[in-house]
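Per-chain residue numbering starts at 1, and chain names A, B, C and D are given in the order in which the chains are listed.
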């Protein structure tokens, strides 16, 4: 029997597989079409203090190897999230996996306040599924928030420190792929007191309708995700792992077990399935099964042994 | 008749189509299998002062949507290049397209010296095909040179200024895609006296053989190119064009005319075909033909009118 | 209603006029739960692993099978063309919020192109529920776009046709015969409800004829989708409640809830 | 020799034993230029547009056709399996530096697996040029990997077989019968040249038997390729001249030029 549990900076996951924020709604939408027991965590869609309308339509475009999206973080705000969404998730899904809540905001104060309220709520029965916070500082699709905080290591450090003060939940910081040296941002998070890192968010991208001579997305630009970004994501995880002991939740183009195992070998502690779920909701399950059989085949007693286990 | 000529910062190109450095050898390797009259320029493989062995094998790996490579800039050095390679190119290809020479080095002095010698040689009959210099400051595959100079805007500016002093050839600087804000690097090039910009180089990437538990490439990491990077490249060209008047030579996943036209609409003056040539050497020709018919269909008298011609 | 992802065998697949095809999936688990206006989300076998699913309305659901009528418009539907009888296809469903199962007064069904698909299923169910007066208005650019006309006639539904080029039925918009019918109904103080599916301008025109009246209008919106289950927020339609997801809050909306841009 | 990219019709394609297939391309422009040891670079039709070409040695070239013998090892060769007679395939060639067209002394051809392909073409050309003494040594894991044996025999070439499991020929390495033959030739003070194509360890073993002797060895290297024309520098083999490209400086190298790691 392979021990599939992993510890993601204080978040105990029964399996190393999570879902990626924004690609799995608030956790319950796929109920019926998948086996939740194989998920170590679900990550909720990005949430902020107040409700947010998101971008105009169209919000996505299929491209070879994936998807360019500019959903723009539509959401109902923390109040509705805590009162309705989380309790609904917990009631819909029998023995619901722990929830990582992805947060964003227009200011450091907003991040902090959202974190504070999540932390408070996580102590209540109705919202006890809330077990970690993921700070999104890397969404390319919203001017007012997201990546503005993640681009400058100093600002990033301030943000992480501020959020850290407000929460004792495991604090994950989600980093952007489009940087020359991930190490700088990793250190900013470490120094700020983060418990874990997640990467990668989507890669800034654009698709133009040449007949209409207009960007396809109403937001003009968007973020690239899916199969095609995987080799870039593996490199970033590898680079990050070499400079930090913080556990990494890796994502970017995981479609099959092989993709996830590459992440683990590169240094990830856990792996999230994103865009692939849209095409095949059972991806996370299949990935889990494949990792277990890989462990058996290679003589690993536990999944956590794979982390960083590249041979010299 | 559509006017297909474009001016890339002083480099007169009869068509807006070039080949991308490293994907088209030294210009003559594909002779016989393509129509060179449709090329506005060829870009030679990266060259430095002395010969360079490149990386160990394996040097590449096919991935969905493209290729990860770590060739590592193997080359014979400037001497051999000027004495043998360029004259051979000129003799092999009847009415050879102008050559853009992609250069790199281990120090700013090396870049400058290579630029000086190219400039000198370009005045001779044997090497008169040399018509522009492309400074590669973004190769992810060689520690000693390339991207170390392109990551820090200050160093980049110094490098461009130094090379500028040594050459009156059109000076193109080739930028990396993995930056939070391309504008910073664009300004460093502008201030340094660059005549044009080219983008994107490959995206740092990694592929792991999970059975062997080893990176597939001997260099461990490499650069991602091909179809899959195209939407990311369009975004970068779009961003760069908005902050500079410098002409842009765009590349990244051009497989068909549509891809090139997206680049032009996003603000590129010319477009280079890279990885696609490996699969289909006629890509550049096909792209050229498609652009001409697009101009006809959309009532453009000249290709240069497409540059930045997104509708509001 | 339980969301399912079924591996379905294709039991029938044929062309039904230029550009349109008819495909039948063997989906014993979900077919019985289908409500008119709902849709299935189909993984097209020959596309690459990263290709998104494609949504299609249910044209009919009976005996464990889901029927779809589709138009070939792009690479996904083109790839679907080459699926053969006996092939396996992953189908998700039932998805979305469908039409109501009853109707007060005359049921006026207005469809364009493949928009007749959910209306066919709706007409069948209304008939089965004993609802007598159903009139369907079918529009298209040309007579090739008028689909399922015989199926409606066979059900005993009143059929009204309109084409832009006058190649069949009234020359003009589908709202022309509709307006004649509305005038007739109003003249006799009759009741009616509107059910529409088709291109946006048609839907807007139909919605306008319902909003502000005492009659209800049910509009099925066609928005570009990713997940089909409410998880991604790609498929937005502005409504009085804000940005609503067509895949779960729709595709069928009440006419008065829609906000047109 | 002019490099060409030809759209070739497949005129024959069949299985020839477990895991191996034989495919014939109609390539009137390039077939006549082919030299043994050269290869073609094939775009596999059903792979996505960004998939790289795959290189294959020429097994035979005659009457405007190029013959290839291939083993199914991964997704490209698997996709090639489904190409049918009559399909069009883009083929580039002739590529690479082949074997010399003459031979001094006994020609000893040593091949493993699909490595017999260029040796078959070589034997045919040597025969046609009137070269009498040709011995071919074919090795494989098991008898299924011993290819084209009858073709060599039909040409009147001496055939020596070896398998790891002893299921056919000598049980052992292909160098075992080769060494017997070398001993015989040396004993009679004869001359010979070695021509080899197959897995690296075999090539190295053969190369070692040529270097430092007065006999020449010609080794065809199989390196993972991108462009096939010398443009990308992906396909490197270390030689006494530094890092050489197998696709243009090879695939056939002189044994004494190779540097083994």
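Just so it is clear, a residue touches a chain if its C-beta (ideal position, glycine included) is under 8 Å from a C-beta of that chain, and two chains touch if they have at least 3 such contacts.
Predicted, not measured: the structure shown is a model, and the values here were computed from it.
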item: Chain located farthest away, centre of subunit D as origin (C-alpha); value: C
item: Contact pairs, highest-scoring chain pair; value: A-B
item: Centre distance in Å when subunit A and subunit D are each reduced to the mean of their C-alpha atoms; value: 50
item: Rounded Å distance, subunit A centre to subunit C centre (Cα mean); value: 36
item: Overlap residues in subunit C, where contacts from two or more other chains coincide; value: 48-50
item: Touching two or more other chains - residue numbers and ranges from subunit B; value: 64-66, 227-228
item: Complex contact set, residues of subunit B against subunit D; value: 22-25, 29-34, 45, 51, 53-54, 57-60, 62, 64-67, 69, 71, 74, 226-228, 255, 275-282
item: In the complex with subunit B, residue positions of subunit D that touch it; value: 2-5, 43, 48-53, 90, 92, 223-224, 226-227, 229-234, 236, 242-243, 248
item: List of subunit A residues in touch with subunit B within their complex; value: 63-66, 68, 147, 151, 176-181, 203-208, 210, 212-215, 220-221, 224, 227-232, 234-236, 238, 258, 261-262, 265-266, 294, 298, 309-311
